[in-house]
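Structures follow.
Consider the two complexes below, in which chain A is the common component and chain B and chain C are the respective partners.
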Partner chain A sequence: MGESTGASVRSHCIGTTAVVYASDYLNKLTGEKIERECRKQLDCGCRALVIDFSDTELVNSIGISILLGIIDIAERNGARVIFSDLNTQTIELFQVLGLTRHVILARDEQEALTALTSFTMQSSTVGH
Partner chain B sequence: MSESDSKQLRRILAHVTRDEFVGRTPELARLVSHPATTSQARGLLVLLAPLAGVSELLRQAYDELFNRRSEIVPIYFQVERSYATAVSASIEFLNTFVRQYIAFQRNAPSLCEASLTLSDLVKLAPATDYDWIADLVAAYNQLRFSDDSKALVRFCLSAPQRVPPQNGRPFVMIDGVELAAYLNTDVQLGSEMIKTFNRSHLPYALAGLRRQVFEAVHRAGTDFETLDVLRLDRLKEEEATRLVEIAARRQKVALSEETGDLLAEQFEGSPLFITAFLQAARERNSTPTTYLACQQLYVDDLMGGHLNRHFSSLLEDIAAEPEVRRTLIRILYESAIAGKRRTPFETWRKLLNAETPALQRVLAQLHMHELINWDGTSVEAGGGPAVWLDYLKIRFRLDVANDPRATVVADAIADALKRAPHTMTHRYKRSANLNLRELLSRFDCQVVPEMLFDYADFAASYRGAEVEEIVRGLDSESKHLRLPQVFHTATCSSFIANLDQFRDKERCIVAHAFEGGTYTSTNQVVWLVAELESKLEADRRLTEAWLDSLTLSAIHSGFNRTRIWLIAREGFSLEACELLKQRKAFASSRQQFELLAARIKEWEPPKVASKPDDFELVLPMGDDNEVLAAGIVEQIARRLDFRPEAINQIKTAIVEACINASEHSFSPDRKIYQRFRLESDKLVITISSRGVVPSNLQAQSTEQGAEIGQVNETSEERRGWGLKLIKTLMDEVEFERVDEGTSLRMTKYLRRGSS
Partner chain C sequence: MQPSAQKLIHTFAALADLGQEIANPGDFKDMVRTSLHLLLGTLAIRRGAVTEFVDSQEHLECIAVWGIGKECGFSLAVGSPEREAFVEGHSLDLGAEQQNGLFAGFIGRHGAELRREAIELVSPMVVRGKLVGLVLLGAKASGEPFTSADLEVVGAMVRHIGVGINGNRLLAQVEQRAEENRRLYEDLRGIYRDTVRAFAAAIDIKDKYTQGHSERVGKYSEIIARELGWDDEQAEGMAIAGYLHDIGKLVVERDIINAPYKIDAKASTELNRHPTAGYEILAPIRHPYADIPLMARYHHERLDGTGYPDGLSGDQIPLGAKIVALADSFDAMTTDRPYKRRCSFCDVVDDFRRNTGTQFDPQVVTALCRALLKEITGETRERRFLKMLGKDYLKAEEAIPMLQQLVTELDTQRQSVAAGGGPG
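Take a look at the complex of A and B:
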């Protein structure tokens, strides 16, 4: 696993999956840092992004708009995105803003990685 | 003051007892409290509308302060016309001051109006005041024969400053109604008073005709920040009626209810005119219990009694020379019958054959008494109270037209008798009037059910329903109308003179406003509002006549955007409703109007003053300070036992509101002002900032929450989510109208039990 702290954004790679950790307050500044890290990971060949919200207590609308941007970028790169470790309030907020229509939510990082693995296996089976 | 206190109050300068003093309770309280509320020299300008009356108010204040026996030493001085010069007036002031000061310190009210010289007063001075009073009188005796009038005036006026602080604090009240008579003197008495009192360390009050007092303040070059203002308008209808009743009882003059009301109306509530008339009745042993007896006495007094003397003295002060006075009467009378029109100064100069400075003094005096409006270049004449206009007509006919006296008297009585029923009809109608002007002036962007302006819809839904049902129905109406913010109202006849001929003035109002409280040309609108007289539903013909009349008036007056609103007691017929719909006019019945009035009167703008459950916070913009606000609101919300989900919603909303304020306002101080108000069932949060009002604010405020969170939205579109998010998370969201910047009010209701 390669771990990097790109300007205070923690992340690490597990195979072709990058796990990026959001900070306690997802706003414009921290959102853009996450976006930058995600882009970097995708440029390095990552096929999936897990954004871990275990530390996140507060999210504002600018932060959410940046997350949607990340989803855009990931889609264009053929990568999957999963959000993990969201608390109830953040889930509710994402639901209100319709974010949950575009991204899978996982209870924790392990569940997210498991889900990604099963997607990969399904893709392989279909392609056969 | 309690009733028993009122009864025990010694009457010293006041002409009537406190119980008999009508209509000025708040003003009296203000005056009496003025010296105690300020430790610095602070003037109170009591600005008098003509006929409002102020002398008795000051005298009542004097008595109250005298009887309180506190450190405040009241001094009342009435400027009288008979003093003739500023120097004489000032010397009288000095005498009055010393006399009243000693009367207070000795607790001897009888000294207040005793006829004593300064030398006599020195002998009466209490031991603790003897030295400075003796010095004062000695200094006066040295100065009085000097040639320097201004120095003497200032010396006399500054006498109160010599009182040693431990001996008391004089509060000088100047009754300056006659100050206008001193406009022509070498020393400007009014301005000197203001300058001198302002320089002292003592509070004071200067009462006078509002135009005169303002003129004096400007000439004195006084900083208005050191002055408070108390405006005295004419007595209200009920107060005037009560005044007539009390004054008649005191003068032992019998009146009927009808003539009492007539006098209150005819004299426009003027204590001066009412008192003069009743005095005349007493002197002549007259019993004005009928309109005939009233008007006979009225004309008699106007011809040669107290009313006549009042106006004659006024004219003599304004124009000393009989020939000039005669021409003045002619010009004023002819202007009055021609209607108020502007005439150039030059025309007046030629007509009066006067030099410019002399004419300016004449016009200044007339302007002070609000008998004309003079702006320095042209004159608008024809104004003044009805009594003055009657006097003018009599004088014109006698002095200019040389009509026989008997004819003038007979015609004057006839005119007064013919007018009396119309005067009273106007009064009774006014009582029954809807008070359009007062309600329109309260329009301030309130949101009300649209149905209150649509008679057809309202009648279809609620005709015959109980009031409670109607109110419930209106509360649940989904269609609303945001009222404009009205900034000026006037009668229609103020804009279109010929409307005056057949319209009751107060039933047709023009209101200038801005829609949404946004001050732009596109938002400016003029509402033309009329109350129709119709016993049954107003029919199409009547409605059309009014619509046409108001539309033409609007065109004539150059109003760009207008809204017509007609009100008829019983509403409008079907045909009239169709027409109103075609012409896009609002229409209401009296019931709708009253429901609207009730809603508007309940609406109070948010108060800034703090209450126990009000919290205020000011944060700098930026640095993620919205997180601080979120933390604080969480603590506040916990006090009301909001559920955790609700608290999170509130936190998110406040974060968004703070970001909104930071991003949109161009704030000069870079601060966000937050107010949190806890009520039993809700939390109200107001987030404000100074700066620019966003141009799309109105749209943002009223648009419904739209579908959000689309992947294919542009980032700019996504960046506008903040307000939409707030509307989703909070129960009520509204942009308050403020002069600059933004103020967003959000409300979250407490939902007890299950979510």
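Take a look at the complex of A and C:
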């Protein structure tokens, strides 16, 4: 399991899953750093992204736009995206804006990783 | 919280952020990119682009994209009919067939490409009745169609972005004009300086014994001004004043100027007309530097009031004229004349000592001495004095103590005057 804090964004990998930690206020500056980190992880072969919002108090419009961009890139790379540890306001905002149609929300990182494992198993089953 | 309230707060916050972004733009492209993010994030639109008219009112170029596969790949053309529709504020909904008659030409040219990139809405940026560009928007993440409220929000935000782009364009035009004016002004100043130097050469050619005098006086004056702490503009002005100080000699008989002997009183009166004549020549000209004509007029005035043409004394004489007066005398003493060889450096220093306070201003003499000391001691790399004086004119080991002694004396006198003791 490797850990990196490149460009001030904390992240670590578990197999082909990257867990990226969002900061307290997801705006342009921090959003772009997260986007770069996600791109980097996908380029390195990750097939699932868990974005952990445990430190995030607020997501503004720029943050929403950047998160949609990350979802897009992940879809193009055939990767899954799970958002974990969101506060109530952020969950409501994502629901109102329709982001929840494209990502799964998990209570915490562990639940996100478990969900990904079950997806992988289902995919393997379907694949065989 | 009610979903509608949540959405409203999110929209208000985005509008506030957008207003701030437009009002305080830093880097233009960054401003547009941020504005696009704000617009997309407000309604959770998955992709979009901002395009701007470049060079003409026909072709649009992408200046920001998000979520679109190709980087700024759109190159759109807007014809006359659709431009009118856009200027009237109509957006183009690529899914609404009934509206598309207004934009038939545009859709014919670009519809397929826009649909391929999943663009659903084209919203015009109109500022003061002029189409600035178009904003292209994809579908909402919710998958729902744009509501009329959404379109109101899009319209408001797109107008903001248009104002930002238009403001940047106007600013660029103003900056370009300011730069052109600055260049023109620099050219004019260059022409002025060249003309002045040509005049200086013409003045000096008339006096066959003092060739290069005006140019040297200009350079000495500039050095003294800089030593006194004057800024570049003022120091350049002093150089010009030095170049032109003797321009009045152009109206004095050549025989009087070139007399190889001490001239009589009548000729002397004629020669002494040159400061006033110089003033009259220079006064009608709009110089880019202050007081050039006055410096020509007063460069033979003396601190004790015995100079000419106006017999001014002390503070009545502008400091610039005092600088030119010292530079003029310094060059006269350090260059060969028809009736006498140049003075030794020791004699020059003695002359300064004798005449400071009566003919020369102490602070100006001190400035010249300090500037010269800096060159001789190597404190400055410049060798402007030494080049003009010639390498054999002074010996450092002799000149340095003489200059230091004079500077000390002048400082002591100044302190004594400041303390109310009067000159020593």
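Methods note: the second predicted complex is superposed on the first by the 128 of 128 C-alpha atoms of A that agree within 3 Å, B and C clash if a C-alpha of one lies under 4 Å from a C-alpha of the other, contacts with A are read in each partner's own complex, and residues count from 1 in each chain.
As a working rule, a residue touches a chain if its C-beta (ideal position, glycine included) is under 8 Å from a C-beta of that chain, and two chains touch if they have at least 3 such contacts.
Owing to the predicted nature of the structure, the values given are computational and were not obtained by experimental measurement.
Enquirer: Judging by the criteria at the top, classify the pair chain B and chain C on chain A as clash or fit.
Expert: Here chain B and chain C cannot both sit on chain A without a clash.
Enquirer: Which partner does A:Y25 contact after superposing on A: first (chain B), second (chain C), both, neither?
Expert: Touch partner of A:Y25: chain B, not chain C.
Enquirer: I'd like to know which partner A:I62 touches here: chain B for first, chain C for second, both or neither.
Expert: both
Enquirer: Considering only touches as defined above, state whether A:E92 meets chain B (first), chain C (second), both or neither.
Expert: Both: A:E92 reaches chain B and chain C.
Enquirer: Take the contacts of chain A with chain B and those with chain C, and give the residues found in both.
Expert: 60-62, 64-65, 68-69, 71-72, 89, 92-93, 96-99, 101-102
Enquirer: Looking at the complex, which residues from chain A come into contact with chain B?
Expert: So the residues of chain A touching chain B come out as 25, 27, 58-62, 64-65, 68-69, 71-72, 75, 88-89, 92-93, 96-99, 101-102.
Enquirer: State the interface residues of chain B toward chain A in the complex, per the touch definition above.
Expert: By the definition above, chain B touches chain A via 624, 626-627, 630, 644-645, 648-649, 651-652, 655-656, 659, 707-711, 713, 715, 718-719, 721-722, 725, 728-729.
Enquirer: For chain A, which residues count as touching chain C in their complex?
Expert: 28, 31, 60-66, 68-69, 71-72, 89, 92-93, 95-99, 101-102
Enquirer: Which positions of chain C touch chain A when the two form their complex?
Expert: It is residues 1, 3, 6-7, 10, 13-14, 17, 34, 36-47, 66-67, 140-144 of chain C that touch chain A.
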